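The same chain A turns up in both complexes below, where it pairs with chain B and then with chain C.
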Partner chain A sequence: MAELKKFLVRRMLTFIPTIIGITLIVFAIAYLIPADPARAWAGGEKASQKAIELVKERYHLNEPWYDQYIFLITGLIKNEIIDPRTSNPVMDDVGKRFPVTFQLALFAYFFVLAIGIPLGLISALKRDTAIDTFVRIFALIGVSTPVFWLGYILIYIFFVNIRIINLAGVPPSPEIVITHVPVIDSLITGNFELFRQHVARFWLPGFVLGFMGAGVVARFVRNSFLEAISGDYIEFLKAKGVPKLRVYRHAMKNSLVPIITVLGLQFGVLLSGAPITETVFGLPGIGLYAVFSIGTLDFPAIVAVTLLFALVYVIANLIVDIFYAVIDPRVRY
Partner chain B sequence: MSQDEYYRGILDRISDAFIGLFVYLISTIRKGWREKNRSRIAEWKLMFYALNRSPPGVIGLFLVTIFVFLGIFGPLIAPYKYNYFPIFENSKTYLSPPGEFFVLGADHFGRDLLSLLLQGARTSLVISIIVILLGVPAGIILGLIAGYFGGKIDELIMRITDMFLAFPPLILAIAFAAVLPDRISYLINTYPPLQQFLLWLFALERTEGGNLSRLLAVMIAMAVVWWPGYARITRGSTLTEREALYVESARAIGLPSSKIMLRHILPNIIGPILVYVTLDFGTVVLTEAGLSFLGLGATPPIADWGRIVYDGTQFFPNAWWLIIFPGFIVFLDVLGWNLLGDALRDVLDPKLRRSIEFKVKKVKKSKTKDMEIKEVEHE
Partner chain C sequence: MSKKILEVKNLTVHFYTYAGIVKAIEEVSFDVFEGETFALVGETGCGKSVTARAITQLIESPGRIVRGEVYYNPDGERLNLLELPDEEIRTIRGNDIAYIFQDPQSSLDPLYNVGYQVSESLFVHGRVKSIKDGIKKAVNILRTVLLPDPERRVSNYPHELSGGMKQRVTIGIGISNDPRILIADEPTTALDVTVQAQILWLIKEMKKRYGVTVILITHDMGVVADMADRVAVMYAGKIVEVAEVTEVFKNPVHPYTQGLLKAVPNPLKKIERLETIPGTVPSLINPPSGCRFHPRCPEISKVCKEKIPELREVKKNHFVACHNR
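Let's turn to the complex of A and B:
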């Protein structure tokens, strides 16, 4: 147990330099890479001299780079950086849109798990049969399909032809806010009508986003299940005369451990796919916000979104690592 | 002999001929190369035999060959130029459906979609090759240095790598691609040879010179995102290779570190890296299409698969061909690279190669036996 604690502390400590690194890269993106940040922020080549001066003044662009860096980071933490396009604090804008993206990722995760794990188990049990080949090809097709293409095909089927989904806006959030994720909140508070609306709006985008990862997870589940079932303890269980299903349950437990890693990695894939999925389905999440900000050269927004995505990703990986160490006593670094 | 084996025999002969041609070309330049590398050539042949024995691999190789071919010759065989706007001559070509004026229909400038797709093949191929050429060597070299020297250098390089790996890949690429064009347009405008070279690469006309910075920005952005993965893989395999006896002896006879790394360690770890490169070719094509779908990178009239979809979404679902066809092309291209990469993983496994060597020899022997028997029968 003491060793576990030591590992957790060490893992937490390596978290700090990673965060600092992230802020450095984000700073480089906004302040160092544009040849003339003030001109770019003020609207590119056509910007008036007055606007450029104003931007320089407001965002401390006349000061040395380390002052600018400190200004940016403290500004983001204290929520004092004002977005030039909307005149709101930029973190407010991003925070308002984050639940939509998070909810989208949750739905996508649901599909990744609901398709990936059963398919993987089936293909492991029916190894080297047609089903196994099918899962292998399904995984390859999953990673090869452009998200936007699949999205529009499904919109064509379900929206244009069958008309069973809607693509406008987002259903309202329930009045009692607990987790800030509307679909969970409405379920907890027992508002099933709202829950149904949220599911109706999000299931298709979630499926499109999760489609990519489902095949990968299926392949991974298959391999790790096959590895677990070739262990000596399985032979022992069989020799003892344990029924087949109970044997599988033991193998399942052990094979699910490495799967957690791949689920952590999948989270990054889902976040990466979020901007495209949100653009296709018109979901007002932070991905769509980032795409709009690029179009208008809204640098503070790009910075904030990039930082937020990175933070979420890093925290997800941290949770996976900790989870991994806690549930698997064999893993110690 | 079954049908399968018959086709396999043809494939084997094609691949033998291909390698024969390649070896002939090299040996005309460097005399005695063939004699010196006999075992290497035999190994190459075996790799192709192994590939020929996996149907997905053959399909993948076929698709990849087609797309590389289209990438090189697409703009030349396209029926119309990408910057020819028929809408000015005939307003009916505006979003004309497939079969009316053009085979695959037209976009909102009346341009032939087929020509755009062929031109887009070049854009996609050039971008993916440049991203791989920028990102992979950088990652490999940094990984080799980190793994070989270890200690503080390792720590430093890996911390920087971790910084980049802390971002979801597409998000970082989006951010870089959004802010880079500003600086790059200075570079391109002040250095005309680079502009000329890029225009030639993308098969564009001089009028598009101003739009190049956005394309170059996408390439650099993706290269920045791509190298950390390779640094990490290379470092991992270098760490295990470093302890091997041949590295020890190379060090003992006083070879410089750079030579040990590049000439001795690298050839031993290149196999898995090659598989990743093949798979990543597909991922780069997909990511590039995604970026241009979000409005980054190519701007009209430059033809780009993702961009065609981006422009086509305004007319969805009426102009469905602007979304279905480019998306399908991207899908096929990426699928080809993924199938090939998946098969390569098996091909590069020496154990499998040995078993195939055994099988091929057996087949050849039984063939000669058959022939002998037939000859005997004839007599």
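Let's turn to the complex of A and C:
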């Protein structure tokens, strides 16, 4: 256990250069873009020179790039930077919207797991049958369906025709805040009516966002399970007289390492897919916020969102690494 | 002579591949007597392993057991192993008929410690109540196969053991349920020569201690001379000669056996130089007509191309499948 702790600390330390690197890249892009953010923030074409100068002073835009970078990052961490578009502290805006996106990603992740893993297993067990072919075609469709297309088709079916979903607003958060994710909080606090409302609002966008991931995961589960089941140790297990289900359990555990890698990466993919899904379904999440920020050259907000996404991504990969170590004794940490 | 514990009759296994039907073994018949070491000898791809695996239906798709019977005769019973349903053959595997495979590096599941894997073989045959209960017995089993420091080794994972140690563990798994027959499929091929000697000694020791019948599969004539009581020589999916071990080395009858023995140093005869058998092993998708050895045989006659030779007893307990003998 002491080793695991050391490993965790070491991994956390590698976070720092990763995240600094990511923010630097985003900052460099923002800095080099041939646009004049000060003019945009001061009011666009009609902005007075005085206002522009004021904005430049406030956001240190006259300083060299490294001063600007340090001012921006420390300001974001201390939450002292006021968003030029919304006039709120940037991190307040982000903090308000992030739970919506995170909840959307959780719903999508649920569909990725609930569709991808069973389909992959069925496909592997019924290898080279009609079922396998069907699943593989489904996976191919899943991988290659654009989110916006699937989103509008399903809105047409469920909103326009069957009328069982709504597309306006988001149900309120429960009063007691524990995890900051409304659907989990309402479940923990036993507020089932609110839980139902959240599920009703999020299941379809979650499905749309998770559909592509489900296809990817189904393929990976199928291939890595087939690879595991053709191992020599599986034959030895059968020769030992181990019952079928137990043999499958060994194969499943052995196929888990590549599957978990993909699942970890999928979480990042879901976050980057969120802006389109949120736009299509009118969810006030961070993806939509990022899209608006890009449109208005709102660089502090863009850097803040990138920072957050990078953190989530890095944490997801850390969790994957911990799972590796738990599953596979050959992994040294 | 003691009783027949295993009778294999006309065993035929085909593999249905895209390239065509691979006739891996064709009409293979032999008997194994209780308490003996029976060796199946032949070069790579001649069907030794397929034969051994087919005995307990361990043939995976695209392979299929097309024909044949395998009678297993434990006390007073006569079971056709190829007719048993999945669940019944499972209780025979590992319990009555146990296996050791060629490559100990890949025979063990890398994700479980060796104690678990030994204990599991006890657990699935109902000898212990849980995997945890079996660990203590696993320590004793690992001690009998002379794994050093078994109390500590049970919690080691396969990658932490050497090849020889892993093969000791798989032998331990093999004998854990005190089987009647132990099928060792090239148990020493993947090991160093010094370790090979230790493992062969261990198999002999286990045989002495548990009185288990051993079916040894190998391509190594040295191992055959060291271990076997009787030998069956296989060529291209057929058995060509069956006899006692000294008889095979002293008076080989089939041209293939003769060629094979000229290709290796023979402890019973002085040989000036080693010879090779001309040609290569035939494709088993379109095997040669008649005797499968005829394209490479130095004594070929007309009948060899037309008629498949049957195993005939040319001397007492010495069977040969050849038209010219």
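Criterion: the second predicted complex is superposed on the first by the 303 of 333 C-alpha atoms of A that agree within 3 Å, B and C clash if a C-alpha of one lies under 4 Å from a C-alpha of the other, contacts with A are read in each partner's own complex, and residues count from 1 in each chain.
Throughout what follows, contacts are C-beta pairs under 8 Å (C-beta built on N, C-alpha and C of every residue); 3 or more make two chains touch, one makes a residue touch a chain.
From a predicted model like this one, the values you see are computed outputs, not experimental measurements.
Asks: For A:329, using the defined touch cut-off, is the partner it touches chain B, chain C, both, or neither? Pick first, second, both or neither.
Replies: second
Asks: According to the stated criteria, A:306 is in contact with first (chain B), second (chain C), both, or neither; which is it?
Replies: first
Asks: Which holds for A:18: it touches chain B only (first), chain C only (second), both, or neither?
Replies: So A:18 only meets chain B here.
Asks: Looking at A:57 after the superposition, I want to know if it touches chain B, chain C, both of them or none. Which is it: first, second, both, neither?
Replies: A:57 contacts neither chain B nor chain C.
Asks: Thinking of the overlay built on chain A, is A:238 touched by chain B (first), by chain C (second), by both, or by neither?
Replies: second
Asks: For A:246, select first, second, both or neither according to whether it touches chain B, chain C, the two together, or no partner.
Replies: In the superposed model, A:246 contacts chain C only, not chain B.
Asks: Tell me the contact category for A:254 with respect to chain B and chain C: first, second, both or neither.
Replies: second
Asks: Under the stated touch criterion, which partner chain does A:33 make contact with: chain B (first), chain C (second), both, or neither?
Replies: A:33: touches chain B, not chain C.
Asks: Going by the contact rule stated at the top, is it chain B or chain C that touches a larger number of residues on chain A?
Replies: Chain A has more residues touched by B than by the other partner.
Asks: Identify the residues of chain A that lie in both the chain B contact region and the chain C contact region.
Replies: none
Asks: Please name which positions on chain C make contact with chain A in the complex.
Replies: Residues 56, 58, 60, 86-87, 90-95, 98-99, 101, 103, 106-113, 120-121, 124-125, 157, 159, 170, 173, 177 of chain C touch chain A in their complex.
Asks: Which residues of chain B touch chain A in the complex?
Replies: Within the complex, chain B contacts chain A at residues 56, 159-160, 162-164, 166-172, 174-176, 178-180, 182-183, 186, 282-283, 286, 289-290, 293-296, 306, 309, 313, 316-317, 320, 323-324, 327-328, 330-331, 334-335, 338-339, 342.
Asks: Can you name the residues of chain A that touch chain B in the complex?
Replies: Going through chain A, the ones touching chain B are 17-18, 21-22, 24-26, 29-30, 33-36, 39-40, 44, 136-137, 140-141, 143-149, 152-153, 155-156, 160, 268-269, 271-273, 275-276, 279-280, 290-291, 294-295, 297, 299, 302, 305-306, 309-310, 313-314.
Asks: Which part of chain A faces chain C closely enough to touch in the complex?
Replies: Interface residues on chain A, with respect to chain C: 231-233, 235-244, 246, 250, 253-254, 327-330.
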